[in-house]
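Common to both upcoming complexes is chain A, partnered first by chain B, then by chain C.
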Partner chain A sequence: MISLAGRDILHGWGKFVLTGVGLGLLIGVTLSMAGVYRGMIDDAQALLDNSGADLWVVQKDTLGPYAEPSSLNQDTERPIRAMAGVDRAAGVTYLTMQIAHEGKDVRVMVVGAEVAEPGEPGQPPHLIAGRRIVQGHYEAVGDVKTGFAIDDEVTVRRNTYRIVGLTSRMVSSGGDPMLFLSLKDAQEAQFEKDADAIVRQRARNASSPLLNPPGNPAVAEAVNAAQASSTNVNAVLVTVVPGADAEEVAATIRRWQRVTVYTRAQMEEILIEKMIANSARQIGMFLVILAIVSAAIVAFIIYTMTIGKIREIAVLKLIGTCNRTIAGMILQQALGLGLIGFAVGKIAATFWAPFFPKYVLLLPADSLRGFFAVMAICALASLLAIHAALKVDPAEAIGG
Partner chain B sequence: MAEGIRIDNLVKTYGQGDTAVHALRGVNMSVAKGEVVGLIGPSGSGKSTLLKCLGAVIEPTSGRMTIGDRVIYDDGWKVGDLRALRRDLIGFIFQAPYLIPFLDVTDNVALLPMLAGKPNAVARKEARDLLEALDVAHRAAAMPSQLSGGEQQRVAIARALVNRPPVILADEPTAPLDGVRALAVVDMLNTMARQFDTAIIIVTHDEKIIPTFRRLYNIRDGVTIEELQLEASPARRT
Partner chain C sequence: MRIALPQSRRALLLMAVLAALVLLLGFVALRSGPLAPVKVTVVRAEERAITPALFGIGTVEARYTHRIGPTAPGRVASLAVDVGERVEAGQVLAMIDPIDLDQRIAAASGSAGRSAALEAAAASQVADASARLALARSEAARGEELFRGGWLTRAALDQHRQALAAAQAGLAAAQANRAAASQDRGRTGAERAALQEQKSNLRLVAPKAGLVVRRVAEPGTTVVAGQAVIEMVDPAELWVNARFDQTRAGGITADLPARIVLRSRIDTPLRGSILRVEPVADAVTEEVLAKVSFDAGSALPPIGELAEVTVGLPARSRTLAVPNAAVHRIGSDVGVWTLREGDPEFVPLKLGAEDADGWVQVLDGLTRGEQVILHSARPLTASSRITVVDKLP
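Now for the complex of A and B:
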């Protein structure tokens, strides 16, 4: 037996392929949407992986430092470092901001981490070019996605920094590339008040008899100095000694400090289930709509193709073709359309993924799921046409 | 001559009660193997209805029909699988050739033996042999849309013959053809009827071909009248 579906497709392949390509672009969009979602999860995981931390110590009762603001005194880290099971602890600051570079604004997440030996939590795990920050001031390491190059000068608030190193895949959970500064520089950028505010604060201090006792100008100066700088961090990143149970260490820190401590698993939950959840639902909605639109297109095309063959189907039935063969022909055509569509969609999604501003991660498992979804949708969409074909009366071939 | 197809007192009523249409009121007909008969009658007389009953496409209300020794209908009783019966025992030729546009000429003809379960190579061999007999072998690889009307009709005849059915039903097969070609088709059907020992019934309006039938059934108001034309020339060459 020959494949009636295959012959029919070959006979009118132009229309068929064109429809398949149209469907394919739609499938490509669908795969890209799934890729955007996977990219968001991957960004979040990269953020956690690259922070190098086992535990996140944040301001009490906050979901900091990524999902909510959190502020801790930098000195919190010292007692933590001494606790059993703690290997290293380092204060870090995170601040998402726009910075000017070559006339354009670049959105980055400024990360402040102590200038320390490599491997310290908060430091980028590896550089793809240049070197680490070695001076306490005016040096920065940027992610390649910022578009910065080694020796570029970038301005953060009032100071100018020189890019000394480049990283890759160092992004915030929102996909913004990171810019690493020394902790001091970052604190200055984050907590710095503008000149006007400093002047007013100083005037206020000067008029207060408590902060500016008569005959002792050194007190006011000390107060001014204390107010102008900050020693706060957003979180203390902690690594545990090999073999120690992160959960137990977290419990110890919670017992002795008025802070909230998250393990890696809890942090992942905050980022993925709390921050990304809405986006995921949004993307889910798109997927449902795209699936319905695809189904409608396939149903319409297959139905039109079938209606165009009503006479031939009546003849086929009259000369003894069984319903199963006719239904099989229509089903195979729908699946063929799905196959072309999926191939085109997969190629299109792979082709345009790099042009998306955010990371698009196309997982083979998602493609496989997509493939089965497309096939199921096509099979479902062919039911209408199959129904119409089975209703055809073989007597129609003879006429009145 | 051996009997090809026979109907006795066939009745077909569409609908029921007040709106019932008595399309066939007791038709008797018998066509021998190797014989070609004409079926004529004015519009609305029941020709198409009779053809559909003969072709096992619709079921008669009552009456009896046999093909060879096989009983197809007998007063309400019918064979189980009319579809397989059509495939194996009846060849159809339509007003228009109704070839499958996406199959080439060979496969249009070979489709029936393939549907009956024959291997593709065997089915195509049978198809090619018939195309040879019908003088269209040179178009075996063409698509139907590339053929002339006459060539298409010959391919349609090959398709009707390929499973060697004992009965062929032709519904105005010469309608789209001019006089010369119409007579050529009838001539060909006569040759095939003798060659393959097939009973052929041709429904027609066509004044040009009516004189060629030795035996005619004239149907009026659902009843057939048998007519003999002794001066007919079925094998007339054109």
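Now for the complex of A and C:
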């Protein structure tokens, strides 16, 4: 026994399915927008996850290394390594820059990490192709989003690096893919000036009687050498031994090393509350508006669908169909439309998500919430339609 | 009947569309997003010979650099050579302005001549004193005889004796004068020789055959003592001053073969060997320093050029090895994810040497032929569901 709703759907099934698909695409856009919002937050969290650190030691009174510039001497990590509760400590540098590759500019975040042993904080935790960096110099591991392939050669500042491995989901908080170099190479890329600047600096030094005193030519050489070298890092990533309280270890480092230390929770707050807060809120606001507009459109579609059948409903009333049956038919149709719409939306969102330039994260919990929201909106919209249907005069079926 | 058939066909079509939707939905829910299984590639642990290699960078340097400059402050008068010229041992490279040195030599020559004249005068005085002594002696002898015969008074004899003693003293004085004069001649001669030596020291000469690489000061420049005017090297003896990361520099010793790639000639590596490992490492950059010499027959590069040095260490015997992309650290354990009964399981390992292609020696913890997860689309956990694929991404 086929239901009244089913019969009505079958009567105009093409229209019904097409309406559902249209609705679905709208829902898909809303789901994608939620995915964009989640992806933005996930990018920030991925940055923290991938660094593999429990604590971030940065220049005193800065929000570094992601939100503000920070610079520390590389040997800061040595005394930290010796502190109770610290398992590993490794210097790391971050530098966002453009790299020319095959005629195009690729925006990457160059990360310098200690490569000597696997699992040092700052290294990419997993690879999807190739190998880790073995040589201390001129090898790089890139995120797959950079578009680089294994054995590609990329030029960072003055040196050429060979891509030996690829990884995924290694992005900066802004979504720029990462390029991992050995720490020394990255320091060179970050702190060493280009040849022109060095030559100009030398000339400047030579013309200064203070830096190039007549009668003591060794001073100028010493000044040039001092200006050309740098062994700084942007932050020291620290992991704590299992069971140790990160907050306590952070307090000890803060107290005795006189540097600023952030725990994971604080770093997350800096990234999410301070760095991406505005853009995330922007997307969030748009998501709210989109959800309201989608809900309104769904409601209108169901309402107009019912109004379009008002003459048939009048006939049903005329032949004595009870109100419950009519209401049930409208509700079932609305929920059916919602189901089709949700399914199409979810599928569409999943299929077009990978084509977004930045990460789109479709959480199952979001989908579930979206499902219930769609069903609730459909039910509410059908109430309006039912109200209109029940008010209809059976005489309209024969009159006009 | 006429209506029923199309209706059932419509129902079928609708069902088909709905079924397709449900299937697709199920597929996307389980195959994408956080619920999807992690795609991995696997590799079998196999035995292979690991040839560890060390990689370092350095600059080409001359083994001996001669910085040639004056030993006293002075002004550069002239330069005889230019950068790039080859010079022989003893060749004059530059002259320092002698200022008043020639005049001082002339003055010293004058003093020496005067000393010689004085010495000659002193010699004449000795001859004179000798003659006086001979006369006094014969007169004294005659006086003695006369005194014994009673022909001479004691007073007269005493006068003769006194004359003899005075003549003897006069000779001694003249001889002393002559010695002083000859000493003085020696001194003025030495002074003159010293000034001449100083003058020759103003000629900067090549200590050995070589190549002039720098002209540090031009004529007219005043240089301080010890400051270089010309720098020259022996172009036959160049080496690479290479730096190796301390953490990976274990096993580096002298005589190991090395492959040197110069920045200007990336396609034609040169052969060389470790000449010595410096006993003192760089504490600031945390690098081990070593000198790498070029093998004979290599065309030599410009000094100061950047070079990459790959040192091959002796090959280890065949042992179990895994690619380094498979190695992870969980907590304080280093190990690999193995595939056991379709599920990932983390196995802590003891690892050994690593070669330049990223193979790591497994000392303990893995058996031969075991499946090891090489690449994964996401970081793995023990509860990850996985699908093995041939290639990522």
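Quick note on the criterion: the second predicted complex is superposed on the first by the 371 of 400 C-alpha atoms of A that agree within 3 Å, B and C clash if a C-alpha of one lies under 4 Å from a C-alpha of the other, contacts with A are read in each partner's own complex, and residues count from 1 in each chain.
Keep in mind that, in the parts below, contacts are C-beta pairs under 8 Å (C-beta built on N, C-alpha and C of every residue); 3 or more make two chains touch, one makes a residue touch a chain.
Note that this is a predicted model, so its numbers are computed, not measured.
Touch criterion not met for A:A82: it reaches neither chain B nor chain C. Contact with chain B, but none with chain C, is seen for A:E312 once the two complexes are overlaid on the shared chain. By the touch criterion defined above, A:A397 lies against chain B but remains apart from chain C after alignment on the C-alpha atoms of chain A. Contact with neither chain B nor chain C is seen for A:L210 once the two complexes are overlaid on the shared chain.
Of the two partner chains, both chain B and chain C are touched by A:L10. By the touch criterion defined above, A:T321 lies against chain B but remains apart from chain C after alignment on the C-alpha atoms of chain A. Counting residues of chain A touched by each partner, chain B versus chain C, the larger count belongs to C. 2, 10 are the residues of chain A that lie in the contact sets of both chain B and chain C, per the superposition on chain A. Chain contact summary for the complex, chain C toward chain A: residues 7, 10-11, 13-14, 17-18, 21-22, 24-25, 28-29, 32-35, 55-57, 216, 224, 227, 244-245, 247-248, 284-285, 308, 323-325, 327-332, 334, 354-358, 375-380, 391-393. By the touch criterion given at the top, residues 2, 6, 9-10, 13, 17, 49, 87, 116-120, 125-132, 134-138, 144, 164-166, 168-169, 184, 215-217, 231, 241-242, 340, 343-344, 346-347, 350-351, 353, 361-364, 367 of chain A touch chain C in their complex. Of all the residues in chain B, the ones that touch chain A in their complex are 48, 51-52, 55, 57-58, 83-84, 86-88, 92, 94-95, 98, 100-103, 107, 111-112, 114-116, 120, 143, 159, 171. For chain A in complex with chain B, the residues that touch the partner chain are 1-2, 4, 7-8, 10-12, 311-312, 315-322, 325, 394-395, 397-400.
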